[in-house]
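Just passing along the structure, written as structure tokens.
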């Protein structure tokens, strides 16, 4: 029986840990979607951009160095980098600034447009951010180390004979902390409630006394923070490179599964996908050539949608005529 | 300014609903076609063929296909790359499996196969809408690319995993393989583009096209008029995939000659084609072609001007290009959701009214 | 008008109950529509009038009750199948195809009359082409009837409200329906536009013999154009009869003059 | 000059021309009508078939030989066809102005005793029904458009389709009766009775015989060398002699194709679509076109405006000469060709006049600037002088001899002379038979030798032989000083200003001249918008001091101009006011063809005229008006009176 298989638990756990990360990225989507009705396709690139910025600050890279060299400035680095914690704060600052720019340049002119138009606009945004990130910090693969423990966790290895990376555990812990605090924030603070109200009714939100722009800025900043954390975690695991932006695509099926408007849905969906794709790859993958992680999540979500279009936790759509 | 419409009156619905209702437009179009058919082939070089004309014709067909689905029927798809792969692999299997088959038939059958796959992946569109569907189509993109990577039968068990196009002909003239003449492939693809643009026009001017647009604009109202959403959406998926499959087949067999799924049919292709129709013009035949020309010519322009002329390093030029395209998408969505073709229409309207402003 | 009374029932709803979750929108409503009459459904906001139309044209499936059309009991049908049976409608909030011209909108209304296949469409030969021009002729008659020739090729999104309403009526008319459902055809119109619309509705009824069922708030209009009236309140049928009978019905008067429950 | 009576050897009635065309050119387009989105086209054979069927139908319905049948409606294929049908069936068509109110219609119907009325639509039928009792003669009404007519239908009110069916299945008896009636007709048979709009009194029925019509049409065709296949847009009232001659007579005789616009609102679009070869328009149409051109170009971008004005200046200099084929120098010719591509061509196109080879204006004097404008951009616009009694044409301008001050040389077959009192007289084979049932008027107008008095004063230029018209003969009078008073002459000069729609001059037997001015709402309104002048109503705008200033300037200029002519210098305007309402045919102030009813206006506004002469600075007045829906009301206003500069 498979549950006697020790690998099963190892895969289950690593699936769950990965799932937490998916949930984290998905949460960024849900926040923006709930507050502005925008399906932010650029979320992954946002994470890449955040990670690039962090590495840049850490290593004391000069932004746009490559571009500046055209004008005869050949320096690539400042004298020294910033300490990790400072770099983190600076990066967060950049993300907040970026959020403001996005709201002003992209979202404000598109207010009241159909969702699908906004969606396509975020695809455009993803391209811009990718180009700007590359131009600022260079396109080469960078290592990211913020001092989190690495290597197999000896305690678990000793106790259960399972091989689980410490980095994954700490990533999961950070993600869980963030997920919990965001959930609390959006459920129990006045601001959080205001944010949720916006999605339902722009007028109602305005009557709370916060301008729509501010609300958007806040959510985009928060999702910038989520992107930063996600970028750091993934970056630490596999280096900061373009493929990082694709993790966002992984979060999409999570959303379809969990529903675009549900925070618990994002979490549960993330875990299901995390575990599901690992198990599928382990048990079925070898039979059909492997590397099924690329599409498994999508196919699962797709099949699921056929039977429950609103997702696991989404509200039932009643079409008014 | 150039238009002289007085006396250009219509005495039948046939002429009132013709493709070119203005005499000058008609003359212009057929003039251009004559030049493209009878003069350009004598001068076309391999560089122009491979870098400009073939990509333009082939992407135009793909953009027409996506425009049918997205621009006319309102269903956003991000699976174009995957469907192009289906067309490409279907044509590969046909070319290697039935060596005597005429290339035109190969292309058409490849289109049919893709249409079937498209209908299959279009099924979720009945339950989900908007970006839910867009995301769902990503599934086809990833799944199909993975499939052609792993399914050895699809690439005839080639050890490299690559597919190569053998030499095949259209009515006795080689159009694939290493020994083709530029004018042959040029004319072959031009002809196909003409046919597909004409088919698109025929479809969108009749009741099937109107049922697509009705679903796009107001699906509930469409239903009470008698439009079956299942048939409307699936037919759009089928036709769209047919076009994209044809484009994929040409892309691999006539243009590139060789392909490998993770590179040639990656998700960027889906975005490229989507950008073509956004920038060119959603729901417009001319827009599809303008968009294709734009996205094809832009890198050439960047390469020649920024790299060749200004001496900017290739990577910086590439990044600038990415930013430019992204910014352009945002610009068009904000300023002119109907794309370049809307500017063209405005210009034409101005010329018609010249010298008056209204 | 008298002769209409002897006409067949074109539509009959029997004991319809419709619930959304816990909310009951319609409760045990029955009434009939006679062939060739103008039938009005009136009632305060939220009385379930629009839901009733949605039941008739198949958007909502009632939990209980029967719908009879042309003397036959109707099974579970999709709205588009019902369109083929000869029921057309307009909406309270205009539901035109915004990206299409007036002509194309009304041409789309002919959908049930167009049957050419995909192949014929692709090559625009034979049936597809012939059918297109034949239907254009029918559509032009509608355009002429509604006096909207000058906006024939204008995108409907750019038209003023009153004209959009007219185009929507045109789209429904183009289907040559046996039963035409109009959901507040005069909402938001000025007096002149209302007069025009009333005239069109009466003309449709008289010249094409189309049966009309409409929801309307303006009692004046209802009195003028309706042959018989159903009054609904809180999802129930509280009165049914000629306009004269209705205005003297105490229950109806109470519902209208009593506290409105918007 | 060709002999325009030669046509009578070939045909004796106008419907024979139609039948001949149907036989010789059955598949050529004859008449189009914009309906259901496209130009529905009838060939000559369709046209003839329809006319024959309707003729038979009319006989079936009891139409008597030689009886008048009324036709009322907009320009429609069926109505044109009905003209022929009535003639074929031995009757006399009596077209009626379609915008006539019921009372105006009453006179014509009573006077002509028409028993059958062919009406376009419900609107017209309603008018006839409204008259009800007063028309005991009317037996049948045929209508063209079914819309809203369902409840009207009876044995006496029937759709034209039914009449056509009756005709198609007519009995042997009817057929032989039809043949007999056709055979009985000669060129002396009455072809039509046209009721003049009449500036004074009740309108008179002008009887034109087939010979009149055929000679007039044949003369005009040869005069301007019209070719078969040319297109005309028929948009002027069918009851007007011009449209009758152009669309019903010249069209079959010259095998021109006539085109009926969809409605009045779509006229400009329809005109543009057709792009006619031959175009007739009264001066107000051209004024309207020019005003709309100027207004639209004002809103254009600077570059376009500059281009426009640059090339318009060039056109002013050389355009007329280019049109007449005179030499203007190679440079100017090249420049004009460029202008033709950039400005003139597009202008002509936007007016729908790209293909116009002959354009005519008549009815009123046209402003020289307007006239020259259209000629300078390459439209061969000419003037003609005519009247109903003449079968339109009295004089016409030949190509190459076009000037705005004169109205041309005698039309083919016309003899011209000036009477003792300065009145213009003519004689021609096309001049009318008589006024219907009104021998008194006939004798007043036409003498025993066939000379017809036009009622207009004018003279023939010595060198060129061109006729020049001054004014209505009876309006030309004397001031108390004995100087000549020609109001129309001055009014026309005023009306050439786009801001002035109408002007009425008084002064007969008085010491000085005074004037009423009507502003042109579209032009002045546009100007007001540019100047940021707010106004709530026509009345408010008309009374605005700045508007008064502007009008005063115009009047001063006209005074200057008038003073140059010794004979007429007494006609300068001393004092004027701007009327608070537009002169309106519904109020009887002007005719349907927009001619001022001078006496009526003078009586109606006698208080204003008095105030103009007694030196008061302003006057309070109350005026009765008729609204579009027929209701009556009154408006009151206080009008300012101003003095203009007189030139000694």
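We call the chains A, B, C and D, going by the order they appear; numbering starts again at 1 in every chain.
One rule holds in what follows: a residue touches a chain if its C-beta (ideal position, glycine included) is under 8 Å from a C-beta of that chain, and two chains touch if they have at least 3 such contacts.
Being a predicted model, the structure only gives us computed values, none of them experimental.
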Chain labels contacting chain A and also chain C: B
Least step count from chain A to chain D, where 1 means the two chains touch: 2
Most remote chain, CA-based centroid, reference being chain A: D
Length of the line joining the C-alpha centres of chain A and chain B, rounded to whole Å: 33
Approximate Å spacing (C-alpha centroids) for the pair chain B, chain C: 41
Chain B and chain D: spacing of chain centres that average the CA atoms, whole Å: 57
Distance between chain centroids, defined by C-alpha means - chain C, chain D (Å): 47
Residue numbers of chain B (touch at least two other chains): 12-13, 220
Multi-partner residues of chain D (each touching 2 or more other chains): 37
Touching two or more other chains - residues of chain C: 59, 91, 136-137
Contact set on chain C toward chain D in their complex: 103, 136-137, 140-141, 143-145, 149-150, 152, 199, 203, 206-207
Residue ranges of chain D touching chain B (in the complex, touch as defined): 29, 32, 37-41, 231, 272-275, 293, 296-297, 299-301, 304, 307-308, 341-343, 345-355
In the complex, chain D residues that touch chain C: 35-37, 146-148, 150-151, 262-263, 265-266
Chain B residues within the chain C interface of the complex: 12-14, 17, 199, 202-203, 205-211, 213-214, 216-218, 220-229, 235, 283
Contacting residues of chain A [partner chain B, same complex]: 39, 66-67, 70, 105-106, 109-110, 113-117, 119-121, 123-132, 134-135, 139, 249, 252-253, 255-256, 260, 288-292, 294-295, 298-299, 301-302, 305-306, 309, 319, 321
